[in-house]
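Each in structure tokens, the structures are laid out below.
Next come two complexes, and both contain chain A; in the first it sits with chain B, in the second with chain C.
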Partner chain A sequence: MLKFVSRRLAYTFAVLVLVSIVVFIIFNYLPIDPARLTCGKSCFPALIEANRHRLGLDVPWWEQWWRFIHGLFAGRSYAEGSAAIVCGAPSFGYSFNQHSCVTSLIGQAFPVTFSLAIGSFILWMIMGISLGVLAARFKGRMPDRIATVFVLVGTSLPTFISGLLILLFVVLKFNLINPIEMGQWMSPFSNPWGYFKEFIFPCITLALAYAATYTRFTRSNVIETSSEDFIRTAKAKGLSSGVILRKHTLRAALSPILTIAGLDFAGLLGGAIITEQIFNLPGLGRLSIKAVLTDYDLPVILSTTLLAAAFVVIANLVVDIAYAFIDPRVRVA
Partner chain B sequence: MSEKNMANVRRRLIATAAAAALVAGGLLVGGASGASAKPTTGGTLYMITHAGQFAHADPQRNYTGQDIAFFNTYLYRNLVVYKPAAGPSGSGLVADLATNTGVPSNSAKTWKFTLRPGVKWEDGTAITCADVKYGVSRTFATDVITDGPAYALSMLAIPQDAKGNSLYAGPYKKTGQKLFDKAVTCSKDNRTITFNLSHSVADFNYATSYPAFGPVKASKDTGDKYDLHPLSSGPYKIAKYTINGEMDLVRNANWSKASDSVRTPYPDNVTVRFGLDSNVIDQIMLSDSIPNTVNLDGLQPVNNRAFFADDKYSARRMNVYDPYVRYYGLNSSAGHLDCLAVRKAVFYAWPIQSLIDLAGGTVFYGDVGDSPIKPVLGLDYAKTTGNVHDSNFKTAGNPAYAKSLLAQAKTDCPATYAKVTGDAGISIDLPNTSTQQKASVLLKAGLDAAGFNTKFNFIPSGQYYPTVQDITKQGDVTRAGWGADWANASTVIPPLFLKDGGFDLSGNWGDAVYPAFKAKVDAASAETNRPKQAAAWKSLAQFAMDQFWITPPIFGKAQLDWGSKVGGVAFWDPQGTFLFPALYVK
Partner chain C sequence: MKPFLEVKNLNVSFPTEDGNVNASQDISFEVALGETLAIVGESGSGKSVSNLAIMGLHNPARTIISGQAILNLESGPVDVITAPAETVRRLRGKAMAMIFQDPMSSLHPYYSIGDQISEAWRLYNEGNKKDGLKKATEMLDLVGIPDAGRRVNEYPHQFSGGMRQRVMIAMALVNNPQLLIADEPTTALDVTVQSQILQLLRDMQKEFNMAVILITHDLGVVAEVADRVNVMYAGKIVEQAKVDEIYYRSLQPYTMGLLQSIPRVDQLDSHRLKTIPGQPPSLIGLPAGCSFRARCEFASHVPGNLCATVAPALEEKAPAHLTRCHLTSAQLLELNTSDVRGSHN
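Right after this comes the complex of A and B.
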């Protein structure tokens, strides 16, 4: 088992290194010159070169990459003289557009994204599994038809539509949130009501799409499991349908769903760009999109990409390890 | 200045003697909230924007009209500022930190400003000449202050190396510090600052209205991070500033009205909310759900039309001429449009009315102009002759006349003719936006009808200006916009038409007429007699139009909107935005 975990950890590390290299290469071969972009109107050649040096783009990409990796463990410093800036380890670099060390930008954005992800996760699991079970339990009847409609609507409405609809025709129309306050981080500990108001609608937006998919998964899994031999045996033993559902059907039907849910949750931790954008949430998604579309801010792009990759890779690792515990054949494979 | 992201970037323009011209010319096309009611003190004034942050809060990096207007009103004090008044008087300079608007000597190569007593930083310490000197020195630290106005670099008497780089490297490295100390000096009582310039600059005091010439306290300078929290010298100070979040301003206890004859801060708090979705902003403004709000962006086009069409919003809107001239540079460098007849053909084939209609029409977007200098510059503007006043000019484009010009070009300059009509074609640089994609269809129809083979370079909008400002990447025709930095065409003609002006998209320096043109520009720049200088600018604008270095220009308009509880709303001509000092919460 130790060998298996070690091997998987090594793979995980290799994937992250590969992702970081690919991002550096892509960024270096894009037809964009960040040094020009950051020098404003008075953009004379010497200033462009000074900017290139300041951004650390005056060396080959592999050296830039190595500085980045080195900074993760040893920290980094920028600029010279009394204007020097130091970003302590683990340093993801410095954003000259946001005038902050990227580590602290991520530190500010992550709680927002985590709140959105965990809130949505809870909502979609409750909604998706409940509706899925109901639809399976009452297959072909009214609850099933309602669930089918929900699945159709949920899967066909993109988040940017449902989010805007919720925002404009529910939140703003009925003054449920003061738009001026929208998107400000409120601690759940110091202002639980404000925190709830802030996140409930973005969570609903995000959860709608996922819940629809999970309703479908749950329904089909429950129906499939219900025809298994061990369920027939349970029925033959005279167990009530409620007990069979709770103790036998659901336990078997939900295992694969939980696996997928874990990966989806990990994916969301990288940032729900559209939802964060619509509801003005200052999370990792917004941080990334600003860095990509507005600032061409390599340290932020790289860090958020690596972080998103890390969440997914680590979730995969956890799932693999969990499977290895459950099924020894995985270890051998 | 260039039209970089028009929605958010508003640069400076003065309308010295322009009020009469504005009104007489019917330029003010919309109503404005009268400032007749007595302003009230207190409350929170909100400002909302889709932008994630101010372009810069660091005074030395601040270079957009709206941002300068905002920070000069609430946070910074400068040597001089624009008078906080609507109309033409708002274009005049008034002393702020200084006791007067500057005293020139030595043919305007030396300028002195004496600081008034009793002015303080937010930490309670006095603002001194040394602080102003230190602030100005930061502009030279191009490794930290990577953008912002570079007037200090080009005007102060500090030697440069062969590449044109200043030998002074700023206060962080201190290389060449003695050179700077010689160019900028403080009196013994630390109250009078003297600027020694490398050449005569008759309007240098206008340059000092930029925060780049304002004070920074050396001990509070945090380099790049100063952009997040500049030390206040104005009536408010920053309580909180988060990018993609908000900026909260609260009253600065160490500011006193007795030391400030310019500002009357009405609201108790000013909060700028960043990063709001444009749909949300429109919804807030249409429903007036937060009535003490000012919209810094303007509405989206569809909502803008509805807002201005409905009388119920009449007290909450304004349609005005903005500071910009929109145009397309005609690249006359070798291998491009290096033939007058071809440039002329482009000019007369140009379907300008279709482009105006596409962008919102004459009511909202602007009018056909006749000069790179806008009429609001007053003294420096004169109606040109020829170009759009020629009987062959048609706002829909005149392909028949353009064809005849191309036929002439076939004889005059066969290579250029062959290029623009052949496979290589005439290439037009456009930002890659949906509006410009539509504009390209109109342009192609207009120019192809005259015999051009029209092609397009769609450039990602964020990279547009950095790309086209590189002559090796620029196409034949380049979309652009420009607004004067202050009430002098010295901030229009040289930047737009001199090779080292910073924004010359006409590529004209290979043109046979360029040396003569440059000599005239240099003479005009050095002219200290203002009426003579104005006459020179008028003549040079005519010169540029006669050379067809630009397409028919458009004198642009802008629309502003605000909530019902915001009082004192007016347009601040020199800044091209709200007259922030007059705003109050009803």
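Right after this comes the complex of A and C.
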């Protein structure tokens, strides 16, 4: 087991290094010159060159990459003398557009995205799995038909429609949130009710889309597992149908769902762009989309991309390790 | 004393869009404690279907079952066909147990062998998990799994096919059932392992004094272990007799055909292996008359159009020897010894 985990850890680390190199190469060849963007109309070549040096863009990409990695562990400083800007470790660089260390920008955005991701994750897992199990248990009957309609609506309704509908016809119609307050970060510790009100609707919006997929997946997995030979063996033992469902069918049917659930959750941690945009939530999705569309803020783009990749790779690792505990066949291999 | 299991006029059919599939019809037989009944027939002849009905393992929403299957328990007789589902469930694994054809897929891949056997034991016995594992180890030892103390904590994928079938047998026997239904227990195993498993089943039968129903299409297996034999064709029992009667004095054209299609080492290679021509009929809307007539070599010996119009009843044509055929036992015996044997040489 220890060998398995350490091998997977090494693999994860290698993937992250590779991703960071690829991201640096891509950004190096983008037809955008961040140094050119640092000054407006008053630009002249000497100033651009000076800014280029200040941004650390005057060295080849591999050196930029090395500085970035170094900064992650040792912190990083920009410019010299009295104008020096220091971003302590772990430093994701400095955003000259927002005049802030990227680490602190991420630090502000991450709790928002995390709240959204964890909330919707819990909602969609509960909804999707219970509806899927019900549909499988009562296949072809009323609960199954309700689930079919739910799956159809959930998968065909994009988040930007369902989100707007919820915003217009629930949140604003019933005055559930003061529009001025909307989009301000509420701490769950000092203002739990405000936090709940702020996040419940975006979470529902996001969860609806995922729950539909999970309902369908759970339903088909449970139906498929129910016809397995080992379920017949469980029946022949004399176990009651409730025990067979809980202990035998679900154990085998839900394990594969864990894999996608881990990856979906990790994907959301990188930022739910559309939902954050609709509900004006200052999360990672908003941070990165703003950096891409308006600011060409390379350090932010770079950091959010790397972070999103890191979440997925780490989630993969966690899922693999968890799977080894669930499925004995993986453990030995 | 009454036999442990009495099956009377058991019918099982599955409604489909094309009509009812009459998978087994008018099945009647008995099995006593300590006795092995073999049920022989080709795929789709209704061997498994009738026994799954006795175990109550059919989906009630998709199956129509009628008739009786009476277990003569110490507490009194119970008809498992008409008894409430909950009553039958409490007999499964306790009074009657079943092992299946494919041991590779019949064990839950996520639970250890010990957990799975212990689960079956704890269903009907007071005891904690530790007692269950101890019992599981004993059972593994009993069915001949070496190093049972260590292997009890292993998972199905760590066992070979033969070992898994031993595990299945251990699990089936953990509550000392009086009836064991073995549904083609050796079909998925290779030949050397087959005979080990059969030997184990025989030993266990002695040990527990069980009634055993062995479902198989392998007549070699039947000769080895059975006391009595039911031969099934197209959902019906066509011959029912002691094993020696079946092999030496068969009164059923279908059984004779089966016996002649077994390859034998003492026959030269110039001897072409005999087969039964044709296919078994569809079980949806069986035509009138004998289901086997289209493939029967002896149909021409029956006067008139009897085979095509009247389905033969299961009749006792020799002492304790039942068969479905319009010919007399004398005719059948004569045809069995002379006519057919020579025809293909």
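Assume the second predicted complex is superposed on the first by the 312 of 333 C-alpha atoms of A that agree within 3 Å, B and C clash if a C-alpha of one lies under 4 Å from a C-alpha of the other, contacts with A are read in each partner's own complex, and residues count from 1 in each chain.
Just so we're on the same page, a residue touches a chain if its C-beta (ideal position, glycine included) is under 8 Å from a C-beta of that chain, and two chains touch if they have at least 3 such contacts.
Please read all numbers here as calculations on a predicted model, not as lab measurements.
Student: Between chain B and chain C, whom does A:Phe73 touch in the aligned arrangement: first, second, both, or neither?
Tutor: After superposition on chain A, A:Phe73 lies in contact with neither partner.
Student: Considering only touches as defined above, state whether A:Tyr29 meets chain B (first), chain C (second), both or neither.
Tutor: After superposition on chain A, A:Tyr29 lies in contact with neither partner.
Student: Considering only the touch criterion stated at the top, classify A:Phe230 as touching first (chain B), second (chain C), both, or neither.
Tutor: The answer is second: A:Phe230 touches chain C but not chain B.
Student: With the two structures laid over each other on chain A, which partner does A:Phe189 touch: chain B (first), chain C (second), both, or neither?
Tutor: Touch partners of A:Phe189: none, neither chain B nor chain C.
Student: Under the stated touch criterion, name the partner, chain B or chain C, that contacts more residues in chain A.
Tutor: B
Student: For A:Phe96, is the partner it touches chain B (first), chain C (second), both, or none of the two (neither)?
Tutor: It touches chain B, and chain C stays clear.
Student: Chain A residues touched by both chain B and chain C?
Tutor: none
Student: Mind listing the chain C positions that touch chain A in their complex?
Tutor: Residues 55, 57, 89-94, 97-98, 100, 102, 105-112, 119-120, 123-124, 155, 157-158, 168, 171-172.
Student: If we count contacts the way the header does, which residues on chain A are in touch with chain B in the complex?
Tutor: Of all residues in chain A, those touching chain B are 32-33, 36-47, 50-51, 53-54, 78-85, 96, 98-100, 108, 164, 167-168, 172, 175, 178-180, 182-185, 277-278, 280, 282, 286-287, 290, 293-294, 296.
Student: Of all residues in chain A, which touch chain C in the complex?
Tutor: 228-230, 232-240, 247-248, 251-252, 255, 326-329, 332
Student: Of all residues in chain B, which touch chain A in the complex?
Tutor: Answer in residue numbers: 1-2, 4, 46, 48, 52-53, 61, 63, 141-144, 146-150, 153, 163-165, 171-174, 221, 223-225, 227-228, 242-246, 271, 273, 275-277, 279-280, 283-284, 287, 289-290, 293, 460, 462-463, 466, 469-470, 502-503.
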